[in-house]
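All remarks here apply to the structure that follows.
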C-alpha cells in the first residue's frame, strides 16, 4: 500500500469518473453491435432452434449455409462480384485519366464540366430507370452482365473523378514541372509519377464505389436476368416453402456482408482521407 | 513549487526509441531549458513530465512523490504551447475559468484575476475579447491562464517562437523577471539555442533521446561534454580535428604537422592510453596572422593552412581553412578581415590559445580535457 | 561557340498575372562559372523569374538568351537548364537512385553511364549510402541533397536553384551552405540562386541582384550591397527589419537639430559639420548592430548619443546582442560582454558616424 499524499483523493475521484464514462460508452456501442450479433447468431443456429431466442447460441451448425448454397446463393455472390469488379474497373480507368486532365490541363469551362459530372449523381436514379430499361431491352443488354456493368460504371464515375482529382490536386505542380525539365513525356509523368502517388486515392474511390455497387438494388432488380441476379436481388426474393426461412436469409447475409467488412478494415485509412477529399493527411 | 526527478526514463513508440534512459534533476524554483534539434525527444520528455505520455520504463518524481501513474488532469501542471489555445471570450473569462473550476468565490476570482493580469502586464485589457489582442498579448493571456491554475510546475513548449524578434526579446526579459519574482519551477523546451542560452538557469542538451549534457549556459557553450554539444551550440559550431600525440617528443600533430609543443598535454593523453584524439575549438577563438608562427610557444596551438572558402555575413566573415585534409572555420570581424586581405586558396597561419581548446575521445566523442 | 561572353542573358523580361505586374523589365547577364544570387522577400517574383528562364512559365515580353541563342520558344528540356525547386519536387514514390537518374533516363543514356554519373555526384554530396531509400523516407537535409544531386546529374549550361537552403534546421543549413560554396568552386558551374535570406546571398553570391516587387533595385558584389545599399528599404531588409535608425532634422540655417526620438541627445561637433554639408533638411542615420554601441555609460561617442531603455539581450555564446528602446525606435548592438544593466533600466546608445549610413528621409536614397 502506497503512502497517502496530496494525490490520493484526486486520483480516486479521477478513476471513478473515468469508469463511469467507460460504462456509458459500452452501453452506446451495444446499440450498434447487438443487431449484427443477432444476424450471426441466426445464421449459425440449428433450424429447430430459430424461434428459441435470438441470443442463445447453444450449438453451432452450418446447415443454414448448406441450405443457402442449394438455394442459389453461390451464383448470386459470384454475380455480385462480377458486376461490382467490372463496374469499378471501368469507372477507375476513365476517372484517373479524366481527373488528371481536370487537375492539370487548362480546359475551357472546366468548372462547369466538373459540376455537370457531379450533377448526374444528384438525379434520383428512379427517373432514369425506365428509359434505360427500354434502351437495354431493345439492344439486347437487358439481363447481361455487360448491361449492368455499364450502368454501374456510369454511377461510379462522378464521385471517383472528384475524389481522385482532389488527390491529384494535392500533388504540387512542381513535381510535374520537375519531370518536364528532366525531359519526360506527359504519358511518362502520368503513369510513372502521378499514378503511383495517388494509389491511396484510387484505392479509396474504388472502395466507395465497390460498396455502393455491392449494395445496389434498384438497377439490379430491373436489368439483371435469372442467371445474372446479384445477391441484393436474391435476398429480396427469398420466400420459404413454409413461411420465411430466417436461418437461410441470415446465412446469405453473413456471406454478403463479409467482403464489405474486410474491404473497410483493409482500406479504412485511405477511405478516411477519401471522405475528406484528400485534405486530411495520413 | 516543486523539484522534479526523472529516473531511468525510456520511451518507445513502436520500434522507435524516443528516449533512452534519461536521468534528470530539476531544482525547485529553477528555469530549466531542454534544448535539442527537432526529433531529439525533448517534447516527449516534457509530455512525460506533464503526464500526457507514460514512460515505457522509469519513474517521475515531484518532490519525492512518485507521480508516474498520476494522470495529467490531476498532476497539477500548466502547459503553455507555441500556439496559444485561448477560449473565444474576454481576457478576464479566460483567466477566470481555471479559478472557477477550482471553486473560488466570485470576489476571490475577481481579485486573483486582477493580480495575475497585473503580473504579466495585461491588466488594462481584461475586458477585451481575445480576438482583439496582438500575438504577444495573446501569449500573455495564455501565460496568465496557466498561472491561474496555480500549478506546481510550469511546462513551456516553445511559447515565444511565433513572436517577432523584438517582442520575443522583451517577452524573454519579462518572463525572466517574473520567474525571479515568483520563484516557480519552469521547464522550457526549445530548439532555439539563443533562447535557451539567454533564459535558462541550467540547460539540458538532448540528441537522439539522450541527454548529452546538463549545465549553465557558459558551461555548455565553452566546455561541451560531447562533440554533439560543441557542434550544436554556436554559429558556426565547434571545430573538430583529429590529432595524434607524438610518442617521441609528446607534441600534438595533425597528420605529420606538429601544432602544439606543450609536453604536459601530450603526456596526460598518453597516460590515459590515447594517442589519437579530437581537438575541439571555437571559430571565434582563432586568431589569424600573416607572419611566421612561433612553433615553440607552449601557450598556443599553431596551425598553418590554406584558405578554402570565405563567407561574408555582413557583421562578420567566416573563413574555412584546410590543413592535411581537415577543415576548420574561423570567425573574423570585418575590420580584422580587411586588415589581413585574405583570399581563397592562399596560405594563412592560425593561432588558438591553449586554454581555449578541448580534447575529445575519438571512440565515444566525450570530452577528456 | 563564342557568340557571347555570357552563358545567359535575360533581357527586359516582363510578366503579369491577372493584370498585376509580377516582373517588371528584368535584365541581367552571367558569365561562365559565376554564381548570381537573386535576393528578395517572398513574393518578389524570384520563382517566376527562374521558371521563365527554365521555360516553365512564358514571359509576356523580353528575351532569355542562353549561349547567344534566344530560347523563348524552346521547351524546358531543350534549353540546357536544370532547376532545383523550392519545394524540391522529389518523386516521392521513387528511390533516391531513380530520382537522380530521372533526367538521365529521359535523355536515354545507357545504364553504365547513369551508374557512373550517379556514383560521382552522390559521392560529392555525401548521399551514396541512401541510394536505395525511398524519397519520402528522407530527412530534410537529405532531401535537399538529393534534389541538388538530381539537378547536377543533368549536364546543363546553367543551374537554377530556388531557395535551396530553406526549410532546414539552422545547423544543417549552415553546414550545407559552406559545402555548397565549396562544391560550386569545385565544379565551376554557372548558377543562379534565388533566396529570401540575405545571409545566403551575401555568403554565396559572386554577385547579388536585389529583387523587390518584381523590379531589380540594386545589383553588385555582396559587400557593395551591404555597405552601400542604394536605399533604406534595402538596408532594413538586410537586417531583418531591425536596423538601428534615427531621423535627424536640420533647419535651413543649420542651427537647430532635432530627432524623431526627442530632444535629449548629444551630437558630436564634427558629425554635426558633416550633417550640415550634406545639404538635406531631413536625414535618417542608420547603423548595423556591430557598429552601434549600447552600454550603461558611453564616454566618447563620435556620432549621436541618446538615452534609451534596456529591453533585453540575446546570449549567443560568443557574443551578446543587446536591445534598447527609445520611443518607437529599437536599437541593437553586438558586443562581446554584457553590461551591468537589468531589464527596464536606462542605457546609453551611441551611433558612431564612422561606418554609419545616411539616407535621405524624403526619398530613402543613400546619401553617404
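Odds and ends about this structure:
Order of writing sets the labels: A, B and C. Residues in every chain begin at 1.
The working rule: a residue touches a chain if its C-beta (ideal position, glycine included) is under 8 Å from a C-beta of that chain, and two chains touch if they have at least 3 such contacts.
Just so it is clear, the structure is predicted and the values come from calculations on it, not from any experiment.
Applying the stated touch criterion, the connected components after subunit A is left out amount to one piece. Counting C-beta pairs in contact, the chain pair with the highest total is B-C.
Relative to subunit C, the most remote chain by averaged C-alpha coordinates is A. Distance between chain centres (mean CA atoms), subunit B to subunit C: 28 Å. Put simply, the C-alpha centre of subunit A and that of subunit C have 54 angstrom between them.
By the touch criterion given at the top, residues 172, 174-175, 177-184, 188, 193, 196-197 of subunit A touch subunit C in their complex. Within the complex, the subunit C residues that touch subunit B are 169-171, 174, 177-178, 181-182, 185, 198-199, 202-204, 222-223, 226, 238, 240, 242, 288-290, 311-319, 323, 330, 334, 343-344. Those residues of subunit C whose C-beta lies close enough to touch subunit A in the complex are 51, 54-56, 75-77, 81-83, 85-94, 102-103, 106-107, 150, 154.
The touching residues of subunit B, when paired with subunit C in their complex, are 37-38, 165-166, 169-170, 172-174, 176-177, 191, 193-194, 197-198, 217, 221-222, 231-237, 282, 284, 308-309, 311-316, 318, 320, 329, 331, 333-334, 344. Against subunit A, in their complex, subunit B makes its touches with residues 65-67, 70-71, 73-75.
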